[in-house]
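What follows are several structures.
The same chain A turns up in both complexes below, where it pairs with chain B and then with chain C.
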Partner chain A sequence: MPSFKTPFNGSAVKFSPYYETRLAVGTAQNFGIVGNGAVHVLDLTPGAAIAQVVAFNTNDGVYDVAFAEDNDNLLVAAVADGSVKLWDVARPPSANPIVSLQEHTQEVQAVDYNPVRKDSFLTASWDDTVKLWTIDRPASIRTFKEHTYCVYSAVWNPRHADVFASVSGDVTVRIWDVREPQSTMVFPAHEMEILSCDWNKYDDCMVATASVDRSIKVWDVRSFRVPVAVLNGHGFPVKKIKFSPHQRNMILSCSYDMTVCMWNYQIEDALVWRYDHHTEFAVGIDMNPFVEGLIASCGWDELVYVWQHGTDPRAF
Partner chain B sequence: MATGSNPPPKPWEQAGASSSGPAPFKPSSPGSTSGVVEASGTAKPGEIVSSANRPDTVSAADRSVVNRNAFGRNIPSRPWESNYGNSYGGVGYNSGLNYQTGYGSGSGTGMGMYGSYGSYGSYGNGLGGAYGGGGYGSNMYRGGYGMYGGGGMYGGGGMYNGMGGPMGGPGMGGPYADGDPNNPYGPPSPPGFWMSFLRVMSGVVDFFGRISVLIEQNTHAFHMLMSALLQLFDRSGMLYGELARFVLRLLGIRTRSRKAQPPIPGGPPGHPDQMLIEGPPQQQKLIEGPKAGWDNVWGEGGSKAQ
Partner chain C sequence: MEKAIQRQKILLQHLRPVSSSASSDISASICLAGDSAAYHRNACFGDDVVSVAAYRTPLCKSKRGGFKDTHADDLLSPVLKALIDTSKINPSEVGDIVVGTVLAPGSQRASECRMAAFYAGFPETVPIRTVNRQCSSGLQAVADVAAAIKAGFYDIGIGAGLESMTVNPMAWEGSINPKVKDFQKARDCLLPMGITSENVAHRFGVTRQEQDQAAVLSHKKAAAATASGKFKDEIIPVATKIIDPKTQVEKNVVISVDDGIRPNTSLSDLAKLKTVFKKDGTTTAGNSSQVSDGAGAVLLMRRSVAEQKGLPVLGVFRSFAAVGVDPAVMGVGPAVAIPAAVKAAGLELNDVDLFEINEAFASQYVYCCKQLELDPEKVNVNGGAMAIGHPLGATGARCVATLLHEMKRRGKDCRFGVISMCIGTGMGAAAVFERGDIVDTLSNARRIQVNNQLSKDAL
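Presenting the complex of A and B:
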């Protein structure tokens, strides 16, 4: 399957909820330490290659991207200068970004578009807060500030329009309801910083967390004293995780050990597959919601891979 | 900003309701997100949370000492709050925030990264004699001498196996974390008397340690040379013997032995060459002489004499 070389180091990759062949990649120069960034919108072509549709440049690294769920051309990017930028793929680069929202006081680490109500998105930032935005407002609607350290991820529950989870360097997971003034649940999930979380698409009480302690844990929010499963196998901190959109028991993860792993958390030998195609930290993954088993990954080696689960990503 | 059509349904939406039992969440409210949040009374549009009004905010120095969150974990100082000026070290790998913690550095002492280069303890050992155990010595030189010590090649038989230990050297760095260019805790305070004294002592010990290493290596080289020469000479005896025997057998001795050795009457059967190898002709005669005599006393010789 094909690969695509970006000028900067990759930081995130997402498939479009509208088109099975489209994906967006966020990149940052110099590993995101200092420098510019870019958002690339890519298309898988019938000739099994990846073609760039458009690229947008930013003055600071792009840490995360998310496609809008109510507009097939709209793209949200989390930028390291604390801004949240919206891009319209249909417009020329000179007319972009269409909006730049500047409220976070530190780097914005993650963005997630509400997949149920489809009119709002969350941003998680190093200023310890999570912000809720809607397309129709020029400012954030609400700020969630209970974490005591950088928030690395905030993810909507795929079955509840008002519920989301956030994870932070303060080693806690917090479950929020946007109608409640405080978080509805909070539990320490790992010994070290938690970098990523995701909800099970087929079980709205199941959330998985990935941590610097190199483990992935799956939790049932109704009884969070003991994890449902602990997945060990990564040799370095786990950067991102993602539940499969097609199978309830499959989890995809990527790590600073440069590998992308597929897990089945319901069986004893949970590690199903390990891909070591990246030659630098693997920091972005996604699974195509239309084609079962189609995986995308990006890493600090400036390469974006798209491949079918079970095949060699480098085989072309 | 035109709102397009909704995307195709997600796979999990087609699959129907979640099946793992009742969820602890309130049912979703109808309406838009902004309407729902505003109706709940929790909306706070455009709130900007700066580091100044964060509830837990203390200075970076205090944070590393006292600040704890609800679960008793020390909150590390944030990368951008470090008073270390360089933006590379300060911001550090953006997600490198994660990265940094993941590799276990950035601990309170600032020694994490270089801690392996010998510790204060190993320095103490160095003063006690034998310069033991610093990471410097044990890694580099012990491995190096292990190669010599294997010994199979030279037949040394482990003569040098023990040499790694004393070669340790006093260890580099030690407790002086302020020499670390990546130390994020700012410039060091001037060292106290004992600190500078110990540093001078460390330099002295380091100096003599290096000299001793040089001497040690020269000694070893010399020893290797001598033992190799000795073994060569040792083997050379046999070598020259074989060579001489070969030459003699080929040329000189065969012809000369035929001339030199008269046939011994009544001697034991055997080839003249064989007798030559057994010993010099005189000795042969000396031994064989009485033997022939004894034989003559009791054997056929006796009957001949009669």
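Presenting the complex of A and C:
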């Protein structure tokens, strides 16, 4: 399967919820430390090469991207300068970004579009907050401030329109219901910073967390005394995790150890597959919601790979 | 530039992590009960395992008491029948019956239990099995049923306990493996229970005086409970026969009260008793549990099923823990098991309003209460095994019946109850019950240090 070289270091990759061939990649110059950023919208072509549809540039690194769920052309980007930018792929780069929302006081690390109500999205920031936005309003609807250190991820529950989970460097997971004034649940999931989380698409009580302690833990939020599963195998902090949209027991992860791993958390020998195609930190992953087993990853090696699970990402 | 340094710092911390102490004050609470719980204080969930009925027979002195001529299965069947009669459930809905029983030969006792179920009116479709965790078998049976309901094996089950120490006295059959002499702990498993009591008294400095005091108190409280009719709620009278030892005449009787309680027991009487196990020891017949016959049974089901049937909830089964301790001082079991079970329920010791701790021996009972710094007002408020008796396999189920009915009497102010006992060969078991849905949240309210639950408007 093909790969695509971006000018900057990758930070995130997402498949479109509308087109099975489309994906977006967020990148940042100089590993996101200093410099510009860019969002690339890519298409998988029948010839199996990856073609760029459009690219948008920013004045600071792009740390995350998310496709809108209610508009096939809309894209949200989390930018390191604290801004949240909306892009319309149907318009030329000169007309973009259509909106730039400047509220976060520090780097925005993650963005997640509500998949149930499809009208809002969350951003998680190093300013310790999570913000809730809708695209038709110029300001955020709500700020969730309980974490005491950088929030690295905030992810909507795939079943409940008002429920989301956030994870932070303060080592806690918080479960929120936007109808409630405070987080409805908080539990320390790891001994060290938690970098990513995701909900199981088939079990609305199951959430997985990935940590600097190199482990991935799967939790049932109804009884979080002990994790449902602990997945050990990454040699460095686990940067992102994602539950499979097609199989309830599969989790994809990527890590500072430069590998991308597929796990089956329900079996004892949980590590199903390890991909070592990246030559720098692997920092972005996604699974195609239309094609079962189609995986994308990006890394600090400026490469985006798209491949079928079980095959060699470099074989092209 | 400062920004770049800050970004580098945050990324470097991922790669060179220091275990964060930022949120060491946050700890996951375990069950949904309790004020320290993460959400929803009076947690009533459909998949809670609840007890809707718990009964016991009277406990009678073995070989001399009311059940000396009663078959063991005739002790079990009345309590099983009582569960069905009072709850009015269809017996065929019961998914399993688990009976804790200790001394009787395993297979024979399993058969007797199966027969007892038939006597009680259960159809052949309802299975039954026995469980043996020595003195906690009755509690283990209840815990096993609760676990099976939680696991979804069935919705309704019965945990019971049965012991006729008249029929099956404590004994060792066959020879002892000579290998034990090389294994200190294994050898200690063979110690008579009384010796382990002496060990506890000696090792932890429990005096004869303290032990006799505990025995007197146990008798006094049990006598008061009997006199005031408290046990009437939990005791199922048993119609049986008794043979006059002199005339050999058989007489039909209905046994409805415990016959081991001696209201007039006094310190001076007990002080006269000779020690049994050790010449200069402290354990006497008076400050040990009584050898008895009896049975108990607890009907458990998912809360959603209880609600469907309109059955009032007697208590929610919150947690259970069994632990191991040194066999030579097996009596310390509750001192280890209670904190484990209370922790597993997401509670702290002082959240518990009532304790039912089996008084195998005054020595271990006194030690455990002291060790855990329990409020005497909360422990064995209706007496314990020294007065009422300790039919090994039945004791756990007996305690559940006694605890739940006492919690019911105490009403709103009694929310959490704990049952615990030590176990021969060095173990302890404990369980936490909650008086779930009848609890009035107001009367259980505790002072809130920081008021963060109010809406922003109110602040």
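What we mean here is this: the second predicted complex is superposed on the first by the 316 of 316 C-alpha atoms of A that agree within 3 Å, B and C clash if a C-alpha of one lies under 4 Å from a C-alpha of the other, contacts with A are read in each partner's own complex, and residues count from 1 in each chain.
The rule is simple: a residue touches a chain if its C-beta (ideal position, glycine included) is under 8 Å from a C-beta of that chain, and two chains touch if they have at least 3 such contacts.
Keep in mind that what you see is a predicted model, and the values were worked out from it rather than measured.
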Touched partner set for A:F224, first chain B, second chain C, both or neither: second
Partner chain in contact with A:G169 - chain B first, chain C second, else both or neither: both
First, second, both or neither for A:M192, with chain B first and chain C second: both
Which of chain B and chain C A:I33 touches, first, second, both or neither: both
Residues of chain A touched, compared between chain B and chain C (which is higher): B
Set of chain A residues, in rising order, touched by both chain B and chain C: 31-34, 80, 107, 126, 148-150, 169-172, 181, 184-186, 188, 192-193, 195, 212, 236-237, 256
Contact footprint of chain B on chain A as seen in their complex: 11, 17-18, 28, 31-34, 61, 63, 69-74, 80, 88, 98, 103, 105-107, 109, 114-120, 126-129, 132, 134-137, 139-143, 145, 148-150, 152, 157-163, 169-172, 177-181, 184-186, 188, 192-193, 195, 201-206, 212, 214, 220-222, 236-237, 239, 245-246, 256, 281, 283, 289-290, 292
Contact footprint of chain A on chain B as seen in their complex: 1-8, 10-12, 15, 18-21, 23-26, 28-29, 32-34, 36-51, 54-56, 69-71, 73, 75-76, 78, 80, 87-88, 91-99, 101-102
Residues of chain C touching chain A in the complex: 1, 3-4, 7-8, 10-11, 13-15, 17, 19-20, 22-23, 26-28, 30-31, 38-39, 344, 452-453, 455-456
Partner chain C, residues of chain A touching it in the complex: 31-34, 80, 107, 126, 148-150, 169-172, 181-182, 184-188, 191-193, 195, 212-213, 223-225, 236-237, 256
